[in-house]
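In what follows, structures are represented as C-alpha cells.
Okay, so subunit A shows up in both of these, paired with subunit B first and subunit C after.
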Partner chain A sequence: MAGLKLSGIRKSFGKVEVIKGIDLDIEDGEFVVFVGPSGCGKSTLLRLIAGLEDITAGELQIDGKVVNQVEPKERGIAMVFQSYAIFPHMSVRENMGFGLTIRRENKAQIKERVDEAARMLQMEDLLDRRPDQLSGGQRQRVAIGRAVVRSPDVFLFDEPLSNLDAALRMNTRMEISELHKRLGTTMIYVTHDQVEAMTLADKIVVLKDGEVQQYGPPMDLYHYPANRFVAEFIGSPPMNFLTAAVEQQADGQVFASADSIGRVSLPEFNFVKPATMHLGLRPQYISLGEGPDSHHRFEATVGVTERLGSETLINLKAKDGTKVTAVLPEDVELQADQTVIFNFDVNKLRVFAI
Partner chain B sequence: MSMHTMSLGQQSRLLGRYLLLMFIACIFIFPIVFMMMSSLKPDFQLLSDTASIRAFLPVGDISLDNYRAAFDRAPIGLFIFNSIFITATTLLLSLFLASVAAFSFVFIDWRGKSFVLAIVVATYILPFETVAVPLLLLVNKLPWLSSEGVTWGWLNSYQVQIIPWVVRALEIFLFVQYFKDLPKDLVEAARVDGASWFQIYYKIVMPLSGPVIATVAILKFLEMYNNQFIWPTMVVQEEGYRPIMVGLQYFFQLNTPWGEVMAYLTIITLPVLVFYLALQRAFIASIASTGVKG
Partner chain C sequence: MSTSIKRGNVAGWLMAGPAFFLICLFLILPFFMAIWFSFTDQRLISPNEPEFVGTRNYERLFGMSLLTLDAQTDESGAVKMKDGEPVYPRLRSYTRDKDTYPEYFRKRQWFTIDRSDNRRTFVLASDIVFLKAVKNTLMFVAIVAPVQSGLALLLALLINQKVRGINIFRTIYFMPVVISMVVVSMLWRFIYDGQNGLLNNILGFLSFGYLEPVNWLGNTATALPSIMAMSIWQGVGFFMIIWLSGLQTIPPTLYEASRIEGASGWQTFRYVTWPGLRNTAILVMIVITMQAFTLYPQIAVMTSGGPLDSTQSIVFQMVERGYEKQDISGGSTISVFLFLFVLTISLLQGFLTRKKS
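Moving on, here comes the complex of A and B:
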C-alpha cells in the first residue's frame, strides 16, 4: 500500500512536450482516475508512473521514496494494459503466476496465490486454458488477475475496458470497483470515458494538453467545474453554454444578460468587472413549464426529440438561435417547432471566463 | 466450395491452375531427379541419355558403382561431418547473437541505436568478396586458446570457418523487423511484472518468434552448408577441416567422372532436404507472416 506524490512532472518526446508540469497528491488507498480526450497525456502520465517512460523533469514519489530512476519492477506497481498484454504462449495459470515465477517464489505458494486470485475474480475454470481460447471479457479478467496475484502497492489501469462491449463494460466496471473496496489498494485508472471516471473514482484528474484542469471528487467536478473544458467533459449530455454580459447593479446584485434566456441574477457569483462570459447550465437542470417563483424562465422552440427510455433529450433553440439541450422525463410530449416555456434554478448556473 | 456447386467454367479454371502449378513444380523437381538418376548410371550412358527423357528414368545399366567410387575418391563422411558441424555451430551462435542484438535494437533504449542499426544494415550491401582479403589477413593474426595454450593465426581450423560467418546484417535485420511487429505491451507487461531484460528475451520474445527463427535458420543453413567455397579454399589447406563444397573439387579433373559427381551431389543434398522438410511448415508460415522471401 502506498501513496504517490507527483511534483512538477514533465515529459518531452524530442521537442514536443506532452506533460507540462503536473503536481498531484494521491493518498494511500485512493482510486484516482485520469480522464481526458485522446492526446491529453493521460496514458503517458500513467506510463511515467509505471516507469515505462523516463521522466524528463520533476519528481515522482511512491510511498515516500523518489522513484524517478527506479526500474518498473522495483516500484511495487502492477499494470493492466488496454490490450490486456496476455502472453499468448502461456496458459492462464502461467500468465497469472508470471510475476511470481520471475521472482522465484516457491511453486506451492504461487499456486495458492493464483488460485486465490482466480476465486476472487470467479475464473477458476479458466486457469488451464490458453489465451486464444478466451473471450475478450475473460482476457480482461486474466489481465486483472495477473495484477492481483502480485499484491502490488499500486494498481495502474490503462483504459482496461475500452475493448469490451457495453454490457460487459458495465459489469467489469463494477467488479473493478468491488476489487478496490476489497483490497483497499491505491488504484490509478486511465480512461477517456467520463462515465467510467464518475462511477469509479474517489478523485478525478481531468487532463488536457498535458496539464491538469481540475483534481477532485467526482461530484465536486460535476457541480463546480473549474473551467469550461471540465464543465463540458464531465456530465452527459454536455453542459449548455450561453454567452452573456455580466454586470453588477448599484445594490451589489450581479446579473447576466443573455440574448438567449434574458436577464438572470447570479446570487453565487463574486463579481469582478463587467465582461462577456459563458453561462453554463446542465441539461438536467432545465424543466418544463414555469416552475417555482425563484426559478428563471425562458422561451425556446422545440427541435429534435431523442427518447432514451428512462429520460428524453430535447434539443431546443433559444430566442437568439443558441442551441440548448434539456433532459426531461421519459413521458414528456412536445411537438417539434412548438414554442414552450422552460425554467431552471439560477443557483445551478455556472459562470466561465471566455 | 464443393465440386457440386462449381460451374463448368470454375472447374476448368481450377484445372488450368493445377496444370500450371504442376508444370512449375516439374521445373523445380527435374534437376534433382536428373541428378539422382544419373548417379546410378555409368558415364557413357549418362551422357547419351541426356538427349532424351531417359535422363529422368532409372533405365539401362543401373548400379551403385558411382557411390562406391566416390567414397574411394574422397573422404565424404569427413566432409559432411565438417560441413554439418560448421553449419550447426554457426547456426546456433547466429540465432542467439543476432536475436540478442535485434532485441536490444528494438526494445531497449540507448543513445545512437538507430545510427548503429543503419550501419549494421548497410554492411549487408558489401559482397563477401570485397572483405575476403582483409579478413584473411585478420584471421591470420588472431589468437586462439586451445589445449596447447594460446596459438596465433586461425588458418586450418573450424573456428576460421565459423566465427566470421556468425553474425551478418541480414539475420539481425530479419529479427529486428519481426520484433518490431510483436506487441510492445507484452514486453512492457513483463517489465512491470518484474522480468529482467534477459528474462523478457527468453521467456517472452523468443517463444513468440518461431517463424523468424525458422527463416533465419534456413537461410543460414543454406548459406553455410551450400555456399561455403571461396572462404574455405582461402583459409583451409588441410583435408581434415574441408567442407563439402571444397570436396566437390576432388571430382573435377582431366576426365570428370560425371556419375561420381552426381553420386556425391546426391549424398550431400540429403541433409538439406531433411533440414528443409523438418522446418518447412515454420518456413512457409514465416514467409506468409513476415513477407520475407528466402
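Moving on, here comes the complex of A and C:
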C-alpha cells in the first residue's frame, strides 16, 4: 500500500511537451481516475508512473520514496493494459503466475497465489485455458488477475474497458470497483469515458493538453467545475452554455443578461467587474412550466425529441437561436416547433470566464 | 448473369494462359521428364534411342557392398606387416573379377573399418564421388542452417532497436543478399587466395606474422568450411529481414507487461520474443534447409568440387553428370533423389514443428 506524490512532472518527446508540469497528491488506498480527451496526456502520465517512460523533469514519489530512476518492477506497481497484453502462448495460470515464475518463487506458492486471485475474480474455471480460447472480457480478467497476483502497492489501469462491449464494460467496471473495496489498494485508472470516471473514482483528475484542469471528488467536479472544459467534459449530456453580460446593480445585486434567457440574478457569484461571460446550466436542471417563484423562466422552441426511456432529451432553441438541451421526465409530450416556457433554479447556474 | 461469369472466366484463362503455359513447359514438364529419364539411359546428345533400364541408375548411385578380408599371413602364420600396418590382399583382385565376384565389380573403396583379430571391413561403393557429395551437402546443411539462422536472429535483434541511423546497419547487413552468389564467390576467391589473399594478409597482420598463409580453398580440411563461412555471410541478411518482420509483429505491450513483471533481458527473450517468433522460426528453418541443399554456384565458381572431391555437392554433381558428362539420366537420377530427400526433411520439419493442441 502506498500513496503517490507528483511534483512538477514534465514529459517531452523530442520538442513536443506532452505533460506540462503536474502536481498531484494521491493518498494511500484512493481510487483516482485520470480522464480527458484523447491526446491530453493521461496515458503518458500513467506510463510515467509505471516507469515505462522516463520523466523529463519533476519528481515522482511512491510511498515517500523518489522513484524517478527506479525500474518498473521495483516500484511496487502492477499494470493492466487496454490490449490486455496477455502472453498468447501461456495458459491462464502461467500468465497469472508469470511475475512469480520469473522471480523463481517456489511452485506451491505460485499455485496458491494464483488460485487465490482466481477465486477472488471468480475465474477458477479458466485457469487451464489458453488466451485464444477466451473472450475479450475473460482476457481482461486474466490481465487483472495477473496484476492481483503481484499484490502491488499501486494498481495502474490503462483504459482497461475500451475494448469491451457496453454490457461487459458495465460488469467489469463494477468488478474493478469491488476489487478496490476488497483490497483497499491505491488504484490509478485512465479513461476517456466520463461515466467510468464518475462511477469508479474517489477522486477525478481532469486533464487537457498535459495540464490538470481540476482534481477532486466526482460530485465536486459535477457541481463546481473549475472551468468551462471540466463543465463540458463531466456530465451527460454536456452542460449548456449561454453567453451573457454580467453586471452589478447599484444595490449590490449581480445580474447576467442573456439574449437567450433574459435577465437572471446571480446570488452566489463573486462579482469583480462587468464582463461578458458564459452561464453554464446542466440539462437536468431545466424543468417544464413556470416552476416555483424563485426559479428563472424562459421561453424556447422545441426541436428534436430523443427518448432514452428513463428520461427524454429535448433540443430547444432559445429566443436568440442558442441551442439548449433539456433532460425531462420520461413521458413528457412536446410538439416540435411549439414554444414553451421552461424554468430552472438560479442557484444551479455556473459562471465561466470566456 | 451466367454469361458474364462465363465470359469472365474465358478472359481470366486468357490472362493466366501465358504464365500457366510457361510454368507447365519449364517447371511441371521437366519435373516429370526427370523422373522418367532417371529410369532410362538418356544422354544429352546421342544417335541411339534411349532405352528403359529400370532402376539401374539408382543402383549405380547407391550400390554399396561390404567386403571383410583377413590380413595376409606368411608361412609361419604370422601377420605380414608393412609400416606398422597389417597387409591386406589387393582390392583389385575382387573388384575387377566380374566372373568370381560380380557383387564387387567396378566398386571402389569408400572407407574401411578395422576389426579385431586382424580383419578389416572394406566399404565399397560404385559411386564414391556422389556419396562424398551427399556427405558434404549434409555437412553443409548441418552447419549452415543453424549458424546462419542463429546469426540472422542475433542481427535482427540488434537492428530491431530505435537507434539513430539504424537503417544504415540494416542496409549494410542486407547488401550481400543483393549481390549475385556468383559475384560474391568470385570476390571471395580473392579473399581466400593462398598467397596474397585478404584473409591471409589480415591474419598475418593481426598475428604479427605468426600465422602462416593458408591456401583456404586448396586444402581438403579448409575448403568446405571456407565455403560455408562465405555462404553464411552472403545469406544472413535475407533471413535477418525475415526475423525482423517476425519481431515486429510482437505487440510492444507484451514487452511492457513483461518489463513491469520484472523480466530480465534473457527472460523477455525466452518468454515473449521467442514464442512470438515460432512461425517465423519454422519458415526460416525450412527455407534455409532447402536453400542449403541446393548448394551449387559457390562450388562451381570457387572449387569445382575439389580438392580431392572435398567440396563436391549434390547439385554440383547433378550438373556435372548431366551436362559435362552428357549423362542426362544420371543427372536426373540425382535430382530425383535430391527432391525426395529434401521433401522428406521438409515434411519431417513440418511434422516436428506442428502446432500441438
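To be clear about the criterion, the second predicted complex is superposed on the first by the 354 of 354 C-alpha atoms of A that agree within 3 Å, B and C clash if a C-alpha of one lies under 4 Å from a C-alpha of the other, contacts with A are read in each partner's own complex, and residues count from 1 in each chain.
In this text, contacts are C-beta pairs under 8 Å (C-beta built on N, C-alpha and C of every residue); 3 or more make two chains touch, one makes a residue touch a chain.
A quick note: this is a predicted structure, and the numbers were derived from the prediction, not measured.
S.K.: Overlaying the two complexes on subunit A, which is it for subunit B and subunit C: clash or fit?
M.R.: Verdict on subunit A: clash between subunit B and subunit C.
S.K.: Report for A:133: first if it touches subunit B alone, second if subunit C alone, otherwise both or neither.
M.R.: In the superposition, A:133 touches no partner, neither subunit B nor subunit C.
S.K.: Just subunit B (first), just subunit C (second), both, or neither: which does A:339 touch?
M.R.: It touches nothing on subunit B or subunit C.
S.K.: According to the stated criteria, A:347 is in contact with first (subunit B), second (subunit C), both, or neither; which is it?
M.R.: A:347 contacts neither subunit B nor subunit C.
S.K.: For A:294, is the partner it touches subunit B (first), subunit C (second), both, or none of the two (neither)?
M.R.: neither
S.K.: After the superposition on A, what does A:52 contact: first (subunit B), second (subunit C), both or neither?
M.R.: A:52 contacts both subunit B and subunit C.
S.K.: Given the touch rule stated above, what does A:109 touch, subunit B (first), subunit C (second), both, or neither?
M.R.: neither
S.K.: Scan A:150 for contacts with subunit B and subunit C and give back first, second, both or neither.
M.R.: Both subunit B and subunit C are touched by A:150.
S.K.: Going by the contact rule set out at the top, does A:122 touch subunit B (first), subunit C (second), both, or neither?
M.R.: A:122 contacts neither subunit B nor subunit C.
S.K.: Identify the residues of subunit A that lie in both the subunit B contact region and the subunit C contact region.
M.R.: The answer is residues 50-52, 71-73, 77-79, 81, 83, 85, 87-89, 98-99, 102-103, 146, 150 of subunit A.
S.K.: With touch defined as at the start, can you tell me which subunit A residues reach subunit C in the complex?
M.R.: That would be residues 50-52, 71-73, 77-79, 81, 83, 85, 87-90, 98-99, 102-103, 146, 150 of subunit A.
S.K.: Provide the residue numbers of subunit A that touch subunit B in the complex, in ascending order.
M.R.: Its residues touching subunit B are 50-52, 71-73, 77-79, 81-85, 87-89, 98-99, 102-103, 146, 150, 156.
S.K.: Quick one: which bits of subunit B touch subunit A in the complex? Just the residue numbers, please.
M.R.: 183, 185-186, 188-195, 199, 203-204, 207-208
S.K.: Could you please specify the touching residues of subunit C with respect to subunit A in the complex?
M.R.: 251, 253-254, 256-264, 267, 271-272, 275-276, 278
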